[in-house]
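Pasting in a structure now, in structure tokens, and then I'll have a few things to ask.
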Amino acid sequence: MKQVDLHIDLPGLKLKNPIIPASGCFGFGREYAQLYDLSILGGIAIKSATIAPRFGNECPRVAETPSGMLNAIGLQNPGVDKIIEKELPWLAQFDTEIIANVAGSNEEDYVKVIEKLNNQPTVKAFELNISCPNVKHGGIGLGTDKELAAHVTKLCKQAAKKPVWVKLTPNVTNIVEIAKAVEEAGADGLVMINTMLGMRFDLKSGKPLLANITGGLSGPAIKPVALRMVYQCAQAVNIPIIGVGGITDAEDVLEFLYAGASAVEVGMANFTDPYCCVKIIEALPKVLSQYGYQSIKEAIGRSFKNE
Amino acid sequence: MQCKYETIISNELLVPQTYRMVLTCHTCAEMVPGQFINIKLKEFSLRRPISICSIDGDRITIIYKVVGQGTKALSEMKAGECIDVFAPLGHGYPIESQRDRVLLIGGGVGIPPLYELAKQYRKLGKHVDVVCGFPNAEACFYEAEFTELGAHVYIATMDGSKGCKGTVLDAVRHYQLTTTFICACGPLPMLKALEAVYNDGYFSLESRMACGMGACMACVAKDQKQADMYHRICKEGPVFPIGKVVLA
Amino acid sequence: MKQVDLHIDLPGLKLKNPIIPASGCFGFGREYAQLYDLSILGGIAIKSATIAPRFGNECPRVAETPSGMLNAIGLQNPGVDKIIEKELPWLAQFDTEIIANVAGSNEEDYVKVIEKLNNQPTVKAFELNISCPNVKHGGIGLGTDKELAAHVTKLCKQAAKKPVWVKLTPNVTNIVEIAKAVEEAGADGLVMINTMLGMRFDLKSGKPLLANITGGLSGPAIKPVALRMVYQCAQAVNIPIIGVGGITDAEDVLEFLYAGASAVEVGMANFTDPYCCVKIIEALPKVLSQYGYQSIKEAIGRSFKNE
Amino acid sequence: MQCKYETIISNELLVPQTYRMVLTCHTCAEMVPGQFINIKLKEFSLRRPISICSIDGDRITIIYKVVGQGTKALSEMKAGECIDVFAPLGHGYPIESQRDRVLLIGGGVGIPPLYELAKQYRKLGKHVDVVCGFPNAEACFYEAEFTELGAHVYIATMDGSKGCKGTVLDAVRHYQLTTTFICACGPLPMLKALEAVYNDGYFSLESRMACGMGACMACVAKDQKQADMYHRICKEGPVFPIGKVVLA
């Protein structure tokens, strides 16, 4: 087997491989660091940071669904100050690229979080979570309207001293329109997709299973939708895309590369198999060379590019 | 804490709807009573948390009730088959060697973790009372097993078909058990009732979980004193000192 | 066990039970009639009828996905005239309610199909498929815009001599807005949801697996999204809802009833288990009484109604 | 046509990546060669269509190649386990008793359905030639089985490691097989090459399927003469007269 080049350079991110645990599914890495060396990872998208600490929604916060799960965590996090004080210095020990996922209740909050993180050398790029369906104010609202999405992107770009990636919600009629608006507003890249709004009901009580009523659907169930959206947007924008949604193995990664993603984030699969990122990274060279690729770059966008 | 394929040694019906499984476990040496394992079953995307009931060399025993599709699938597995087990998880019951007596109180499938706990307190020569609550006589299990350890077992059944009629607290009163240091595990209403009476000891809690290891924030319980503080049931728990977290 | 009342009366449809095979997943019933007596069914939503015969998309037209499948059949059907000539007379032998699913490339087509079917006594209600993602003209376009959706509904209502149900697409930002617009335009009921737009890629070629590139995602994977949309719309409109999306067993039906559906359609599950509708109908009384209901009516909308 | 749980009698590796499974079948009495069964596997939402290779009393044999996750799962099943089988489906090869000789041509896992077909023509005392194409000698299977039926077997391998080097058509020429009535099953390029040479006989086609019984229109093939006419491979097929449908 020839050496396969897994390396990819993206705005702010020199990834040794394209595998990044997704925000909210990996905490700040502390738990997974007990299982393996985080330096193996291409990068880590840390849990959404908000300006003040957030305590999230009531429990139950999760429910199982066929090939997926619903979550309504509600962006629980200790707030950006605590993250700077406690988590980033700890994360600095690892040779991997840290992406700070930024969330807020309104546009100013996003800017404030970015300003606080601007001088943190551990943070290599920002990922704007304008798509979390589980918070009352802002969140999904911003991500479903192209003007609002563009506006928050613009404000964040102005404030940011590092590349700004925008994480899109799939709960929209026209994802391409939003991707383009965000690109025009200066986004350095897109991360897609966040979760899809869903529900389950408790058979006994007849009431919604989640205390928050609705939650975000993730896992293999949403992979076909994520692939479709990446495929559509990759052809409509000129900024790179990090694909997310239902990835569990190296074959899934290859599909996302074909669709036009340059790297991927892995979310729920970390719960099903806590070693899944390591396994994917190990399998990726084999799978790529099995299908005739010597680098991940060769596979990116292959579905619509002519050889 | 590791994820390994383990082999099922046996898996049999204990009492209606409730099964006992013995399986190999690579991480027995690290385990303490009250911790849990997280089982991946084919066809299911989330793992199922089940308490460790007994640790025996390189094997463990679990006891589980069939309440849904996952536990049903588990009950259909056969000796010799392999299952993917993530273990041990969480913080269990601290063994307080300065205590002379301990009162263990369990309801239904909250009883299993108390068995290993009773074993460890008995090894230290402590006086162990165990109160087990069940809906009826037919659902009773592990009376003999606890007795064999040298623990004193008291049964409460809701319909009075065995032991004292009523809840575990009714049994405590009926049998005049005066030990004030307790370790309990069981349904929320039971723990709430106990909290009104006891303030020294530990409760084991349940919650819907995703990661089972502290990364996702699915399973939090609020601190009783600090309104804005949460504890992860899967990581800081499932065992908490009485009075630490809000039972909700 | 007490007798459980499975019966429900809806506009145009006197259903002996709430189980209806979904359009496109049951043909015109001929194949399934070899397996069981179709009179067992509450109703049948027959394959979409268009004014002229349609031959659909190139193959491959289907792909498997985790807990689901993609399809891009492209509304293949013999045209409304052949359906009237060959299929409806044959279907008339069964004691079940026939719902004619109507599709078209433009608004006039819908009206023309309805006019042809108006005098067919076998057809008890129309179901407007304004949501099929697999046809180039019309289809999804109509269903994603509230004005277009309302307009075609209005025209069809004017033409129709039977109740008109409108089948909504989930591929929208705001399903409630569309449900309301369609209700205002005179719809007698809603059927939701149709498939979600998705994709898969062929690992060998790197190209989309479906000849049509994108396809519609159905099956258990989409159930949480369908439940959420039914729940949202059931509280926003006063017309009944037929729930569709990922139903495979009686427990799923109960969840849809809780969410606010008055009946359900079963699609992909017919492929996984050709007897599934029969099994659901058999299990339903047991499951309902297990959870304390003596009729399906008692369960409808229970998640948001106060006892 | 029924959906039943059947029991696996045996399931073993035949040649690399290719397995032979014997299973009970409730519907053997209705089966004809060229029909297929549709197998439901746990964890997979769509059934897997596999041709019937041999019908023996109340059992059938299938031969399948591991090409993806479903066939991999199938290959891991063990004797004694049950699988959900929907069968028999489709229209098979008509047995034309007026023929004296038939030439069967199969490529890889297109060969299995020809085995039962050979059996039935041999029972009628017909002369049966079978040409089997494989990538190499290692991949060859069923030469002995066909020979035992009294059929004449000719092998083609792409690398020439066994029989004639080249395609099945190269073998037909090399062994000077002159029978003009053929029944074939195999990859599309093979069928296309055969169509250029033969016009009397039957082809068995493949397609991605959903319902497998004619209800969903997933698996259509265009009519060669009537541009706007389609045939369902699962219902009108998988066996069609040569020249009936467009090979695409």
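By written order: A, B, C and D. Residues from 1 in each chain.
Definition applied: a residue touches a chain if its C-beta (ideal position, glycine included) is under 8 Å from a C-beta of that chain, and two chains touch if they have at least 3 such contacts.
Owing to the predicted nature of the structure, the values given are computational and were not obtained by experimental measurement.
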Chain A and chain D: spacing of chain centres that average the CA atoms, whole Å: 46
Distance between the CA centroids of chain B and chain D (whole Å) is 55
I'd like to verify one number: the distance from the centre of chain A to the centre of chain B, where each centre is the average of its C-alpha atoms, in whole angstrom. 36
Give me the residues of chain B that touch two or more other chains. none
Sequence positions of chain C contacting 2 or more other chains: 65-68, 219-220
Which label fits the chain touch graph of this model best, line, ring, star, complete or other? ring
Looking at the whole structure, which two-chain pairs count as touching? A-B, A-C, B-D, C-D
If we count contacts the way the header does, which residues on chain C are in touch with chain A in the complex? 65-68, 70, 144, 171-174, 196-201, 203-204, 206-208, 214, 217, 219-225, 227-228, 231, 246, 251, 254-255, 258-259, 291, 299, 302-303
In their shared complex, at which residues does chain B touch chain A? 1-3, 40, 44-47, 84, 86, 207-221, 228, 230, 235, 248
Residues of chain D defined as touching chain B within the complex: 42-43
Under the definition above, what is the set of chain C residues touching chain D in their complex? 24-27, 30-32, 34-35, 47, 53, 55-56, 58-69, 71, 73, 76, 219-220, 268, 270-275
